[in-house]
Amino acid sequence: MAIVLGPNRYGKAETRLVRVHRDGDTHGLVDLNVSVALAGDLTATHLTGDNSGVLPTDTMKNTVYAFAKKHGAAEPEAFALLLARHFVETQAQVHTAKITIDAYAWERLGPHSFQRRGDHTRTTVVTVSEGGTQVVSGVSGLVLLNSTDSEFHGFVRDEYTTLPETTDRILATAVDARWRHLRDDSDWGPSFDNALAAMIRAFTSTYSYSLQQTLHAMGAGLLESRPEIAEVRLTLPNKHHYLVDLSPFGLANDNEVFLAGDRPYGLIEGTVTRDDAPAALTEWWL
Amino acid sequence: MAIVLGPNRYGKAETRLVRVHRDGDTHGLVDLNVSVALAGDLTATHLTGDNSGVLPTDTMKNTVYAFAKKHGAAEPEAFALLLARHFVETQAQVHTAKITIDAYAWERLGPHSFQRRGDHTRTTVVTVSEGGTQVVSGVSGLVLLNSTDSEFHGFVRDEYTTLPETTDRILATAVDARWRHLRDDSDWGPSFDNALAAMIRAFTSTYSYSLQQTLHAMGAGLLESRPEIAEVRLTLPNKHHYLVDLSPFGLANDNEVFLAGDRPYGLIEGTVTRDDAPAALTEWWL
Amino acid sequence: MAIVLGPNRYGKAETRLVRVHRDGDTHGLVDLNVSVALAGDLTATHLTGDNSGVLPTDTMKNTVYAFAKKHGAAEPEAFALLLARHFVETQAQVHTAKITIDAYAWERLGPHSFQRRGDHTRTTVVTVSEGGTQVVSGVSGLVLLNSTDSEFHGFVRDEYTTLPETTDRILATAVDARWRHLRDDSDWGPSFDNALAAMIRAFTSTYSYSLQQTLHAMGAGLLESRPEIAEVRLTLPNKHHYLVDLSPFGLANDNEVFLAGDRPYGLIEGTVTRDDAPAALTEWWL
Amino acid sequence: MAIVLGPNRYGKAETRLVRVHRDGDTHGLVDLNVSVALAGDLTATHLTGDNSGVLPTDTMKNTVYAFAKKHGAAEPEAFALLLARHFVETQAQVHTAKITIDAYAWERLGPHSFQRRGDHTRTTVVTVSEGGTQVVSGVSGLVLLNSTDSEFHGFVRDEYTTLPETTDRILATAVDARWRHLRDDSDWGPSFDNALAAMIRAFTSTYSYSLQQTLHAMGAGLLESRPEIAEVRLTLPNKHHYLVDLSPFGLANDNEVFLAGDRPYGLIEGTVTRDDAPAALTEWWL
């Protein structure tokens, strides 16, 4: 038996980039958080500290800024593809590059004035390796709520079950979704906007008997409307809203007054996929 | 010399309340974080644990929920006034009640579907005491950015000064503002919306030579447009965007590529007030 | 009626400083978060953007680092005094300097190896103005728990009171305490260590009928043992531990199984003071 | 082509449990954050909202509390195994149970008094499925720093490289490590304590030419001293400490004054494993 080095990677995480696009007096604004992770032949530095195969993480940060100047960074997926390919193509010892980008949305207030939206973050994970290229888009921090049209009953009861059945409850979640593209050359902006809209539409229009059912509807809705997407994976916390018992105060509570709980919370995770989707290049979930 | 009890207060903090207003099939949604703090004759419990003058903080939480059912909680200022007056009027030993409310905004997606906005939090601090009633409204988490029309030069230079002067920079801040009302019966919703709009308008339209100048313009803009408001206090972090030096890579950077810094940050705090404003009831800043 | 500038100040917040003291092969480590706020004659920059009286916040940051090199920064109170006096003495337009420092503790693992403790943060707020000098020390993030010797009963009951009385409960809190010194030349390190020990001793040894009683015991215990301290102000969240009802499962729960709640929480705030303490220079609480 | 349900699971996340062990007047304290995730035949609820195979997440929470009463929860690995086996054995439709526990450490102050340590969190992930049982222990939030004995040079230079070489720097990281056990019946407490000590010892005693080298030394050190462990996976942020340039102020800086940076940061991830370790039951990293 020997002790050996297993899978490994390294990079620069959370390079904060703001890119202003100046078109005369009217400016555009891109606000990104970029992380780079490289894998390849890195045994020497692990075993002896020989860094002759190590591109410094500081260089990755510099590359992000230089590429933002040269190429613009308008769409996170395209910018991530540029960066990932650069590292794989220019560093022989690097076999795989993974670029993760969080993009923060701003509302325009004027020709060069903006307000941060805060209602969701657009995410991207691009992997370029010898096996191929994989583009994953996604969203996090999108909080949705239906104040009715949600029931929960007919579930398993065991000796530890005390939950009453309900035919009317609040259903709320903070959507964390990621979807894998079939190709690496989509029209990224409209693809994202429409994928988001399809999920929101499915959330609001589904009369729900479980958050799992809503999850499936959101995933299926996205895939039905977006032929360029192979599969979608959703992580949906069930943000419980507890009906407050007002009977000690002689008051009825017809689903009007709720305590919004912090912890614990239900957590529903699931994939919806095309049955003919090619396998994923690398694991990215579960 | 003796060791004695000084100023004190107690209460229930961060009661999370969601109130659904059901008007047939169309629902309204109010999402609040309510904190109660009471002061008065509380010496006995401090010195001996005699709780005969202590209304439990659990009761304050119950009161928040019961009042939400009875009175609706549509505007945070009005709801806070109801709560504060209730505690002062029904508990003889309570001299002062301070109610703090954070209100989270939701966008309507359908008759009973909502998306959390996330772009700012509306705040309220109401104090009711023997000396009078004070209503403070405010906003936090409102992030604004001008990508030009900001200069900074002509400042003091001492032996530790290395900052170059600039005639074009990004100016960005996360607005934390609070404003004190002259009366306790305003039309709270429009008052808030218009105060917010006045500050945003001043931020975007001010050609700025310092964040202090912008702060003053925001405060003055609010007071000029809102006669019901006595004074406004602003806390504005200067969210520094550092121009990245791309010259080692043979690239110019004409205010296009920035590093968005986390820490440290400038912090500009100031009050703008009417010169005939009555004194504040209690300190609430600095 | 005119709209005028009221109280204001500005500075650099959260300058992160790590200072290594090298004594041969054995190193010391100081880890601080330093914030500077200056007030004085700042009207011009607010009204017109004339910065001729504005020392840049970038210069404050540089001063923190330069002073750390020159003077060492071993005790946060002494370092804050040096900084505050520097700004007031060298900038004629500055009337008041307030320096806030958070100090993070590290455990020594070897001559130049350390592990961050994480069990509390030591805080300092020093104010130097024309009216005098004020030194406040403190602690935050110190989480204490007694699993018994805490009761709560005999409290006020009104129509919204449902809380049962209890003669045995968990009492837990996250101590946020600040204490004002009588002088500006104490032996800061031992003073802090002993003040902390006195509060912890009072917390653990008080058989408590209310968190207010425990707060008072902690404050009085600190003042009794530390003659150099004028007054102490404590903010104590009541970190509720709810007894879980296990009766549906045929199990007793004799104060053994608890749900640790997040929100809401009780919040107890109070001052304990010497009756002959001089007035505070500036407000720093409530 | 059809749209189908892919991998999925659900459960109750972050059930906060405090368990007091009462042995006369001397109490023990266990403070856990427990998450349950179940996978199995869950198609019906996703497709139609038929919940006849869904054990409510509320029941999982109840089970955590009931088991804490019955079985005590002294060691997180043992408690997680009990819970995971319960769900797989009693719910025919459940094929896999994954229990994740974060355990917070407390220092004893007296027979029933405690102070939260805050210097690290002990983590556990137990998976029980048809394929076997897997126990992973770990640690997060352990922050270590060497103020010397770290160099970084001899690295790759490309056109975006500006980093100077260094022969003396601070090396600091926040250790996130997880290690997989060979068996499911270790003596969990001592195993954890000794694994932690082995990693800390390796960190402090390694003269480091790269954080990768330190990572490997930590993993190898753990495996050499703990025969019950198959492999360890480490995620080590490089918490950069930037030497401050004090030359504009006429001051030298011989590795004494540093700016502790927030973002970006290097991120080094790697596995160290026995070459004869059996394959992992499920993926849990990269």
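First chain written, first letter: the chains are A, B, C and D, and each begins at residue 1.
What we mean here is this: contacts are C-beta pairs under 8 Å (C-beta built on N, C-alpha and C of every residue); 3 or more make two chains touch, one makes a residue touch a chain.
As the structure is a prediction and not an experimental result, all values here were calculated from the model.
Seen from the C-alpha centroid of chain D, the farthest chain centroid is that of B.
Mean C-alpha positions place chain A and chain D at a centre distance of 22 Å. Chain geometry summary: the mean Cα position of chain C and that of chain D are 31 Å apart. Chain B and chain D have CA centres that are 38 Å apart. For chain B, the set of residues touching two or more other chains reads 15-16, 62, 66, 160, 162, 248-249, 262-263.
Taken pairwise by the contact criterion, the protein chains are fully connected, each one touching every other. Considering their complex, residues 159-160, 162, 248-249, 262-263 of chain D touch chain B.
Put simply, chain B touches chain A in their complex at residues 15-22, 27, 29, 31, 62, 65-66, 68-70, 106-107, 109-110, 112-120, 141-149, 170, 200, 203-205, 241, 244, 246, 248-249, 251, 253-262.
Of all residues in chain D, only 1-16, 35, 37, 42, 45-59, 61-63, 66, 90-91, 151-158, 160-163, 208-210, 212-213, 215-216, 219-220, 223-224, 231, 233, 237-238, 263-276, 283, 285-286 touch chain A in the complex they form.
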